[in-house]
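Below is one structure, written out as C-alpha cells; the observations come after it.
In order of appearance the chains are A, B, C and D, and numbering begins at 1 in each one.
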Amino acid sequence: MILFFVRRLFTLMLTLLAASLVVFIVLELLPGDPAAVILGINAEDDTLAALRAEMGLDRPVHERYLAWVGDLLRGRLGRSYTYDVPVGELIAERLPVSLPLAVMAMGLATLFGIPVGAWAAARRGTVGDTLVMATSQLGVAVPNFWFAILLILLFSVRLGWLPAGGFAGYDEGLLAGLASLLMPAFALALPQAAILARLTRSAVLEALREDYVRTARAKGLERRRALIRHALPNALIPVVTVMGLQFSFLLAGTIIIENVFYLPGIGRLIFQAIAQRDLTTLRDLVVLLAATVVIVNFIVDLLYLWLDPRLRRGRG
Amino acid sequence: MSSADGPFLVELDGVVRDYRLPRRWLFSPPPVLRALDGVSLAIRPGESVGIVGESGSGKSTLARIVAGLDRPEAGRVRRGGCVQMVFQDPYGSLDPRMRVERIVGEALFGDPDGRARKRERCIDALEAVGLSADDMRKYPHAFSGGQRQRIAIARALVARPDLVIADEPVSALDVSVQAQVLNLMVDLRGRFGMAYMLISHDLAVIAHLCERVAVIHGGRIVEEGATAAVLASPRHQHTRALLDAVLPPDPQAAREKLDRARRS
Amino acid sequence: MRGVLDRASGGAWHGGLALGSMLTFILVAAALLSFVWTPFPHAAMDIRNKLAPPDMTHWLGTDQFGRDVLSMMLVGARNSILVAVVAVVIGAGIGIPLGSTAAWRGGWVDELIMRMSDFAFAFPALLSAVMITAIFGPGAVNSIIAIGIFNIPVFARLTRGSSLPVLQRDMILAARLAGKGGARISIEHVLPNISAVLIVQATIQFALAILAEAGLSYLGLGTRPPEASWGRMLNEAQTLMVLAPHLAIFPGLAIVLSVLGLNLLGDGLRDMLDPALRHQGRM
Amino acid sequence: MALLDIAGLTVSIDGAAVLGPLSFSMEPGTSLGLVGESGCGKSMTALSIMGLLPERARLAGSIRFDGTELAGLDDRAHARLRGRRMAMIFQEPMTALNPVRTIGDQIAEGLLLHGLGGGDVSGRVADIMARVGLPPARFPQALYPHQLSGGQRQRVMIAIALAMQPALLIADEPTTALDVTVQLDILGLIRDIARENAMALLLITHDLGVVAAMCERTMVMYAGRSVESGPTRAVLGSPAHPYTRGLLDALPTGDRIGRPLRVIPGSVPRAGDRVDACAFAPRCAIVGPVCRERTPGFTDLASGQTVACHFADGAGGTGGVGRTGGMNGRTG
C-alpha cells in the first residue's frame, strides 16, 4: 500500500517534470522575441539587448530552464510582460473566480450524473430510463459554449433573472458572487453530468451481471437493495477513473466558458496571455494547470484505495 | 520430419522457471514464484506421457517450455522434431474471425508447400478428425465444443508433428463428448504414430491414453512411472491424495471414500 | 410483451442506430452538396440585407454582413467533417500501432508508451490545442494536428486495453507455435477481434473532434475566414444575440445534431457488432 | 407434506424453451442430485426455485415451496424466502463474493437483513465461520475475498448459506471450479452441514461420482427434461435410460486402458432446438420410429426408478419390471 503511494508519487513527479520540459521547449519554439514584443517594433537595438540581458534571454537554454524550474519549486512565479505584475498576483486575483466555478461544475455534474445513472440502471428498459438516456445523449452532444449562449438568451435576455456576464465580486456577499457563476457552472456541468450518467448506468448494469450480485440476491436482497449495496460500490471504480479525466476537460472548458461570460478567471487569463504573447504568464499557468490535473489524478488513485480493497495488498 | 538424433524426442534436464511478482516494497527484490523447480523429463518417439497435477502445480508452464513458447531460467531443453499443441478451451483456441481453412492452415505458416498442396493437406487433416472438406469455409461458431476440439486437433495434425502436447483437451467438454475426443486421439496415434504429452488433472483420462505418467506438484515431478504401476501402488503422498480424490460412480464406494476423507 | 422484451434487450438502440445513421447521412450529404451548390456564395456579403430573419430567400436568415446563413452552414459542414476525419485518422493511425506494440511487447515498452499517454492526458486536451494553435498560428491545418495529437493516446490506450484479453487466448499460442511474430499476430488475430471496439471509438472521437473544432473556432483559433465554420459563426453571433438570436440557434443546432448522430451511430454499431453487449444485466 | 413440489415447470427465453416440462418433489431433510451435461436445464431449475432467473426468462407451471406458490411471486415476497428458508451455493467461488466487502460483512448481511442476528451478530458470524472450517484465530472477519484461496472462498459461500439455517440448500456445481484434492473437503462439509441442520439438499453436478457420494436420490436431465430418476443406487447401478447408460459407459476408467471408450455419438442439442419427440433420439443406440414421433411418457420401474423412454420395458436389459405411468409421473 505504501509502495503504491510511492510509485504514484514518483510518476507524478516525472509527469510534472516532463510537462515543464515540454512547455518550456514548445514556448522556446514560438517565433518572436519576447523583448521585442514588450518594447514594440520601434525599439532601439541596444535597449532590446539590455532588456534581453535583464530577462536572462541571452543565457543558454538549459540554464534558463533550470532557473525557471528552480523558481517554480521555490514558489516564485515569473513577471507578466503585459501587466507588468508578478504572475502569482494575477493568479491570486483570478482564483476566487475559477476555483468556485470548477468546484461548482464538478459538484453539479457528480450530484446529477451518478444518482441519475444509477436510477436509470435500476429501471432499465422503462420509459424513465429511455428518457434519461435520450436526455443524456443530447447532453453529451451539446457544446458547452452553445449551451451557455442559450442559457444567456433565456435567463438574461428573456427573463432577466441572472447577469449575462461579468463577475460581481464578493463585496456584496458570497451569494451575490456565486450567483454570477451559476450559469457558467451549469454550462460546464451539463456535458459532464451527461457523460457520468451514461457511464454510471452502464457500469452498474455491468456490475449487475456479476456473480456476487446473484449471491447477494440469493441471501434475500431485493433487486434494488442488491443494486445499491453490491453493484454500485463496484461500479463506482470505473466512474471515479473517468471523473479524474473529466476534471481535465473541465479545466479546458473553463477557457471557453470564461470567455463566453466575460469572467475574469484563469481560463480567460490564459486566453489573453496567448493573444498577447505573454510567455512568462502562459508558461507558468500551463505548468500549474498540468500540476492541478496530475494532483487530482493522484487523489483519484487514493480514492481507488478506498473503493477497491484488492489494491491494498497483503493480509491485514 | 522424423525424430532427430538420439533416442529422445524431447529431453528436459533440471528445468527451472521463475515468474517475478510485483515487488512489495520499493527497493525489496521482487518476490519470485517458482513455477518449475528442477524438472527432468524425456519423451521417446511415439510414446504417450501423461502429466497430472492441480492448478498452480506448474503443468501448463511445463507444456509451454516443451513447446518452445517459454524459456527456462536454468536447465537444458532439447527438442528433436515438430511439436504441436491442442488447448483446453475449444472457444478461446480458435480465432472466431477466421474460417476453418485459415485456422488449420495457420500451422503450415512457413511451410514450403504451395497453396493448393496446403489446401489438400488441410482437407486430409480435417477428414482424419472426422470433419469434411465442406467445413473449410465455415467459421468456428458454427461448430459444437466437441467439433471445435476436432478442428484444433486437425490444426495440430496438419503439420505432421512428432509430438502433440494436449493441455487438458477434454476438461471443457461435455462428458458424453469427452469420450469421442479421447477415442479420436487414440485412433490418430495408431494411424500417424506421433507421441503425446497429455496434461490433465484427471487421472482417469491420463490412464486411458498414456503408458507413462508423471505427477507434478509444486513445480517438481514427485512421482513418475508406468501408468498402471503408479495407479496401483502410488508412492508419493500427493499421488495418493489425487487418487483418493476421485469419486467412482458407485454410491457405496463413493460414500466410503467421502467418509474416510472426513475422518482423516 | 414482445415489445417490452425488445426494449429491454436493446431493441430501442435499433431506433437509435437508424436515427444516428440518418443524421450522419444528412451531415455528409450537406457537406458534399456544398461543393456543387449553395443557395448563395457563402462569403458573398449583402449589407442591405444584413441580420435578416429567416424568410423565403434566405431560409435561415443572414448575418451582420448580409451573408446567407444556410450557405455558410453547408460549407461549415464540409469543414467540420474534414477536420474530424483527418484528426481521427491521425489519432488512429498512430495510436493503434502504439497500443498494439505496448500490448504485445509488455515490459518497459508498454510502460513507456502508457506513461507517455498518461502524460498526454495530463494536459487538458483543449488547453494543449489552444497552445498549439497559439504557437503555430490559428487555422484549419493546425487545429487538425492539435485535435489529432490528442486522439493518439485515446486510441493507444483502447487498443492496448482490448488487445490484452485477446492476447491471453490460446489461439495466440497456436499462432506463435506456427512461428508467427508479434506484428503479424497483431494484424491477423488481434486487430480483427477488436475492430468493433475501435470502430465505435472512432465514431465517438469523430464527434468529439467536431466539438473540439467548434470550440477552437469559437475562440478564434480554428478555421479562418473566409472559410465558414460553425464555431466561428457562433462566436460572431454572440455579440448580436439580442438583435438576431437566429444566428446563435442554427449553427449550434447543426453541431448538436451532427454530434448526436455520430454518437447514436457509435452506440448502435456497438450493440450490433458486439453480441455480448446486446443483453445487458442479469437481474 | 413435501418441502418442494415442482409440477409442469417450463422456462423459456425469448420464446425458446430452455427447460421443462419438469416435475419433481423433495421431502424435508432429503437429498436429490440433478445430473446432466451443459445446457440440460439443471441451473435453470435452481434459479427458478430461487427466483433468480434472468429478466427475459418466462416461467410457467407450479413451484410450491413450504406451502407457498413461488411461480408468479413478486420479487419482494420471494426475497423474504430467499436466504431465510432457501439458500444457494454457486459454482465460481472466485466471482461469487463481492470483492469490495469483507467476508464477515457478507456473512452477516443475511442475518441482519432477516433480523436473525440477535444481539451479537459478530459472535454469530464467528461461530458460523468456525463451523465451516475458518477458525476466527486465523481468519478474521475483516478479510476480503481476494485474500482467500478458492476452497476457502467456497467455505465462505457455505457460511453465507448456513447462516440462516434454511430448510432447502441448493448447491450448483459447488466443487467444479476447485482442485480435486479440495473437492472432498468441501463436499463433506456440505453433506455434514445439511445433515446436522436437517436441510434438504438439492445438488447440481455433471459428475456422477459426486452424486454417488452425496445424494439419496438422483434425477438425470437431458435437453431440459428428466429422463430418469430414482434412488441413486438404482439409477447408477442399473441405469434404465440409454442416456444414463451412455454417460456411465463413456467415463474413462483405469481398467479399460487403450481400448476405445463406448461413446454417445453427436452432441448435446442447443437450447431452443427442441421438438416434440424424444430429444435423445438422434444420439440413441436403441432408437425406434416412435422416438421421433412422440415425447416418451414416464414409466415407473419396480426398482423405484422412473424413466422417460419408449423402450423402458425390458429393452435395455436392466431387469426392472415396468408399468406405464402418466405423462406427469413424479419422483420423490
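Just so it is clear, a residue touches a chain if its C-beta (ideal position, glycine included) is under 8 Å from a C-beta of that chain, and two chains touch if they have at least 3 such contacts.
Computed from a prediction, not measured in an experiment: that's the story for all the values here.
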Could you tell me which chains make contact with subunit C and subunit D both?
A, B
Most centrally placed chain - per-chain CA mean versus overall CA mean:
C
Looking at chain pairs A-D and B-D, which one is connected by more C-beta pairs in contact?
B-D
Which chain's C-alpha centroid is most distant from that of subunit B?
A
What's the distance between the Cα centroids of subunit A and subunit B, rounded to whole Å?
54
With chain centres taken as the means of their Cα atoms, state the distance from subunit B to subunit D in Å.
31
Averaging over Cα atoms per chain, report the distance between subunit A and subunit C in Å.
21
Among subunit C residues, those touching two or more other chains are 8, 281-283
Under the touch definition given earlier, write down the residues of subunit B that touch subunit D in their complex.
54-55, 144-147, 174-180, 182-183, 186-187, 201-205, 207-208, 227-228, 231, 241-242, 244-255, 257-258, 261-262
Show me the residue ranges of subunit C that touch subunit B in the complex, using the header's touch definition.
169-171, 173-180, 189, 192-193
Per the touch rule above, subunit D residues touching subunit A in the complex are 50, 52, 75-76, 79-84, 87-88, 90, 92, 95-102, 106, 109-110, 113-114, 140, 142-144, 146-147, 157, 160-161, 164
In the complex, subunit C touches subunit A at residues 4, 7-8, 12, 16, 115, 118-119, 121-127, 130-131, 134-135, 207, 211, 214-215, 218-219, 231, 234, 237-238, 241-242, 245, 248, 252, 255-257, 259-260, 263-264, 267, 280-283
Note which residues of subunit A are touching subunit D in the complex, please.
210-212, 214-223, 229-230, 233-234, 307-310, 315-316
